[in-house]
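Look at the two complexes coming up: chain A is in both, with chain B in one and chain C in the other.
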Partner chain A sequence: MKKVIVHPERCVGCMQCMLACAAAHSRSGTLLGALGEAPLPRSRIHVGVGAFDEGFPNRCRHCDPAPCMLACLPGAIYRDASSGTVLVDADRCINCASCAMACPYGVIRYHAVWDGPPEKIVAVKCDNCLARQAQGLVPACVEICKSGALTFEAPDRAARRRTDEVARSVSSGAICPPPAPGFALLAAHKRARAEVPAG
Partner chain B sequence: MQYVIIGNGIAGVSAAEAIRRIDPDGPITMIGDETGPPYCRPMISMVLEGRIGPERLPVRGRDFYDRLGIMPVLGRRATAIDVDRRQVCIGERRCAYDRLLIAAGADPRPIRAEASNLGNIFFMRRREDVHGIHHALDAGVRRALVLGGGLVGFKAAYGLIQQGIPTTMLIGSAYPLSMQVDARAGAMIREALVARGLDVRVNLEVRAFDGNGAVRQAHLSDGSHLDCDLVVVGKGVLPARSFIPAERIAVDLGVVVDDHMQTCVPGVFAAGDVAQFVDIARQTPWVNAIWPEAVNTGRIAGFNMAGRPVACPGTLSRNVIRIFDLDVMTAGLVNPPEDGTCQILQAEDHRRRTYRKLVLRGGRLVGMAMVGRIEQGGVLTALIGSRTAVRGNPERLLDAHFNAGRLVS
Partner chain C sequence: MTHHHKGKTITQDGQLLLRKAETDQIETVWDRHQAQLPQCGYCELGVSCRVCNMGPCRVDPFGEGPQKGVCGADADIIVARNLGRMIAAGAAAHSDHGRDLVEVLAAVAEGRAPGYAIADPAKLDRVAAEYGIALEGKTAVQVAGELAHAMQEDYGTRKKELTLAGRAPAKRRELWRRLGIMPRGIDRETSEMMHRTHMGVDNGWQSVLLHGLRNALSDGWGGSMIATEVSDILFGTPRPCPTQANVGVLKKDQVNIIVHGHNPVVSETILQACQDPELLALARERGAAGINLAGLCCTGNELLMRHGVPMAGNHLMTELVIATGAVEMMIVDYQCIMPSLGTVAACYHTRMISTSDKARFPGMEHHEFHPPNALEKARQIVRLAVENFASRGESYIPVEPVPAVGGFSVEAVVGALGGSPGPLIEAIKAGRIRGAAGVVGCNNPKIQHDQGHVALVRELIANDVLVVDTGCAAVATAKAGLKTIEALALAGPGLQEVCGALGIPPVLHFGSCVDNVRILVLAAALADALGVDISDLPIAGAAPEWYSEKAVSIGAYFVASGVYTVLGPMPPIAGSANVVKLLTEGLTGAVGAAFAVEPDPNQAAVLMRRHIEAKRRALGLEAIRV
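And then the complex of A and B:
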């Protein structure tokens, strides 16, 4: 089973994933159409800034056990058995924000959605683009990401790749390729800017 | 392995589900004096408010007991525990156990006012209580009186004013929810309630009630009296421990448990509102009578009962409240002792009506309160719960653009 893997060190903070996510969760399914819709579709991936102003793509990890699911008062949060995706039943949700208090990543938001009860504010989070996946598409955030910060792969494969990267970087004499050319420089620049005292 | 669970609230339910993940066959008997499928207790206040109907309360299906192969004994109370014979008494009947869970929850704290047995004086703990309040409202209520400004008193008052009932709230402290929030957030909550017509009176108690069958008047501690035809008592809760043999099973405020939710008697466990463990932020014995901890401790108890050792680092007080356009979230030590051991950081934005307070002790976050922009409050709550040392300048956690990325890099 493939999963979206986040590589924060590769994020350039372009926020394209947010636009793509909002569009993918709109009624029309397109960015242009989404702009004119009410309720205005919103992203379920949240690009914030890290400690050194670097980009940080933040999205639901579909934890198991999922703290949001355990904390949900009405029992509206459940796990889709086949994909392991943690989903919200908008009809059952009571907008109590218990899940916001439980989520250690802070990735749940509250607003109306076009495919939920009209005008009702509900908890909204990443659904792994299950509707797109059913059509053979990869999640929208991954599709749009050009820097490799978001990939869609089997977790064991991702873990192996990661181990290889670390191994390469620590073995003496090895030439360590930067995660992606240019980003290391950009990250170093941001880090330096943040660390140099202002004024 | 034979399991008996006393209480079919969320702690008992979570324990039964955890047991079944490990032991699919061991017989489970569940004794609960409330009948019907398990329901969400906090949501009864939304039924009072009229925001949802009572049919929305169940959190598990009608088939819950069947599906998990549980033998339900509903509408009955466990009356005693025979520790030596490993039996639970239900009146004359006895029920043998190898593993017992006490998940009896809590009962409303009674009040010491004369004639408090008059009609239309209610607690708000059970489905039936709200049913009774609705019944009284249907018959016509001119003024309601809410005693106590804790979570239940607050929710009762909120529900009543949302229904347009003129309501007076008597509280012992300067603002409602004084156990849950700090003075600043409390003042904001009070302002919001008063703006919608709630009459809040502080440092007052009821000495006696008056009425012919049903309550008509309350006599207050300052000698004055107040006309009221509905009273909701929300003076906190006490662990439901009356049937527990305190000479055998250690009981303090609640039933004392270790980090595996086991009492001092091997094989006997406790979880939820009835249990007393250690508060993570305070690092002292504590009863955290809240829903998420009832789920958490119930689950952990269930795993341990079925033979999978799982330890609990402690429980954490926390709450999130949404009233009108005000969102409030708090966790841990919100009102720290003024002994110089804690560092307090605060930020307030009057225009946006946001407020944030952090309490740090020994390089760790031990408490927080936030008003507005609470979506990422879980990150702070998790920091408190995991007792992670805060690296770098903690002031950045006050920033409105704060997110999980600020912690990991």
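And then the complex of A and C:
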């Protein structure tokens, strides 16, 4: 089964996944339409900033067992059996934030959603774009990501690709240029900038 | 405490005012920079393109996603086009500033500018002669009219070569002609850059970049040079004069007026109005001891250079100066004025005044200045500032000002040398001065405020490199106390001896950012005196904290003129290895100079000194290993 897989070394910090996620979870489903909606849709993927100002796309891992689900006393958080996706029942959610306290990754937010009870603040998190998947589309964050930081694929295939990359990097005598020399140069510059001794 | 602000700025006034701003809940440029992180990698790499509406497009730096925009442009073309447009914007900004001055010169000639006059008729004659204007039997005003007209021709398309490009050494001009980058018309080169970078025009990344050099040269030897020369003609050619810098120049018991922006056209009339006896009397009537005018950024530098008007701060200080609560009025013209300033001022009694028909800002009152009404407008708004003194609440001026010397035009430097650049050349030949460095450019929250400038300049002068600086860099070193005779104690023995004998500081304030052309003129004079090209001289440039498009144009015209230039922050080019290689290596083969990028000022000093020593060696002078 395919899953969204994060390749943090490829995140360029453009935050386009956040825009696409918010738009995909709007009533209209489009960015331009979403901007005029109330409540405004919000992203469920969150790009953080690392020690050297690099980006990191932080999204729900749909853990199993899921700490958020275990912490949810009203039983609003449940797992979709067929996809393994951890979902929130907005009607049952009591906005107690226990799930956010339990979540090791900090990917749960609280706000009203257009398809929940009107004006009720509820826990909101990644739903793996199940609605899009039902239409044969890949999750919105993956579709928009052009640097390959987010892929939608079978985990064993991604793991095999990674294994091959590692294997090539240790091949005796092989020269492995960085996959993106320009990006490596920029990253080195940012690291150097951060390490300049303060005056 | 100030502890967590120390990483943002090395300046004491900055740290203390950041704490004040935090208490007052003022959002600053550092807060907004933090909120923007991480910044978009495509844009940082220069591989995002918004030129046309088939896009927007971006190229995946990892090679698996899209490698071309919808039109077919690859990373090389996209990076080159984006950089070309940055140069065009920077050249346009400087050159439009120059045009506004030429229009004032024309208005003076037509008797339509009562607040202005010809302050330096000798310079008017010298520049007019360069334009081939016959002087005999003409009044200064007549000459001014003809010069304004001739300069306007430089902006158009009737020239094959810009007049003031004739100031470059003959070898350099020949090189520009050979490469096809001799600037022809100031507006023409910017306009052509916009044309070339339209979809489906110039898709040779090398030819776009070459035109970028020509576009930048149309700024350096065109628009900016006209701006500086006409400013000198209208307001006086700078001569060394004492001044002061940092927020401590604000006065508790006086009406404090700040001018911020770039063009002296407005600020010079404000200075006149601040000396108006009637307004001074009004100030005393309102309980103030006087009217204190201070500058920010380059319009401040213009007044500092010509009149010793004190300098409150540079780019990253512009919000914090308002947070003192001691500013009755800030008057802005254009460029580098953060649109946040009106919001900051709303928390205090400070009245914010915009003055240019081409620059409006939220939260500012608009009082439009034109040559015919400028002095009257200036008196009106200075009156408003005086009347605002009564509204001042608590104020916080946490530091004492630092003394500095400003006003080093090329004329003044040559004057200090006894009438020719000879003594400076002798000092360089003898090795007492290893060479000279131009340190220029802005502030950028990506670099600890002023650290890039100050650490670099300290390192250069300690190693006997004479420093000339402009813009926000010049303000940084003034605040750090490097523009005093006492600062010679920080200089190497040779520089100490030479500057000590001349009675000048080791770091010379060359003016505003258009005044970078003074560095070009001095470099050309040195090259001519030695019979070599600018690229043969033991000199280097640096922009350690640059942020603006103008700085891109400045960097490009320095390199195209033959000056090796080290940038602090990385420009948006890393997405194209070809462009990086051309700008950092390939250009040396074409124009005898290239760029380097080094965010660590101490390392940048090593690169510059290494370059200077290599040039000394090539000239047959004694050289050391760096």
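Everything that follows uses one rule, which is that the second predicted complex is superposed on the first by the 193 of 199 C-alpha atoms of A that agree within 3 Å, B and C clash if a C-alpha of one lies under 4 Å from a C-alpha of the other, contacts with A are read in each partner's own complex, and residues count from 1 in each chain.
In this section, a residue touches a chain if its C-beta (ideal position, glycine included) is under 8 Å from a C-beta of that chain, and two chains touch if they have at least 3 such contacts.
Since the model is a prediction, treat every value here as computed from it, not as a measurement.
Colleague: Just chain B (first), just chain C (second), both, or neither: which does A:50 touch?
Modeller: both
Colleague: In the superposed arrangement, does A:138 touch chain B (first), chain C (second), both or neither?
Modeller: After superposing on A, A:138 lies clear of both chain B and chain C.
Colleague: Once chain A of both complexes is superposed, is A:96 in touch with chain B (first), chain C (second), both, or neither?
Modeller: first
Colleague: Would you check which partner chain A:110 touches, where first means chain B only, second means chain C only, and both and neither mean what they say?
Modeller: So A:110 only meets chain B here.
Colleague: Let me test your reading of the model: by the given contact rule, A:14 touches which partner, first (chain B), second (chain C), both or neither?
Modeller: In the superposition, A:14 contacts chain C only.
Colleague: First (chain B), second (chain C), both or neither: which does A:74 touch?
Modeller: first
Colleague: In the superposed arrangement, which partner chain does A:63 touch: chain B (first), chain C (second), both, or neither?
Modeller: Once the two structures are laid over each other on A, A:63 reaches no partner at all.
Colleague: Return the residues of chain A at which the contacts from chain B and from chain C coincide.
Modeller: After superposing on chain A, chain A residues 48-50, 54, 56 contact both chain B and chain C.
Colleague: Any idea which chain A residues touch chain C in the complex?
Modeller: Those residues of chain A that touch chain C are 10-15, 47-50, 53-56, 145-148, 179-183, 185-186, 189, 192-193, 195-199.
Colleague: Residue numbers of chain A touching chain B in their complex, please.
Modeller: 8, 46, 48-52, 54, 56, 58, 67, 70-71, 73-75, 92, 94-106, 108-110
Colleague: Which chain B residues qualify as touching chain A in the complex?
Modeller: Residues 14, 40, 42-43, 46, 51-52, 56, 59-60, 291-292, 295-296, 299, 318-320, 322, 327, 329, 331, 374-379, 381-382, 392, 396, 401, 403-409 of chain B touch chain A in their complex.
Colleague: Enumerate the contact residues on chain C facing chain A in the complex.
Modeller: 6-7, 10, 37-45, 47, 58, 60-66, 75, 446-448, 450-451, 454-455, 569-570, 574-577, 580, 597-602
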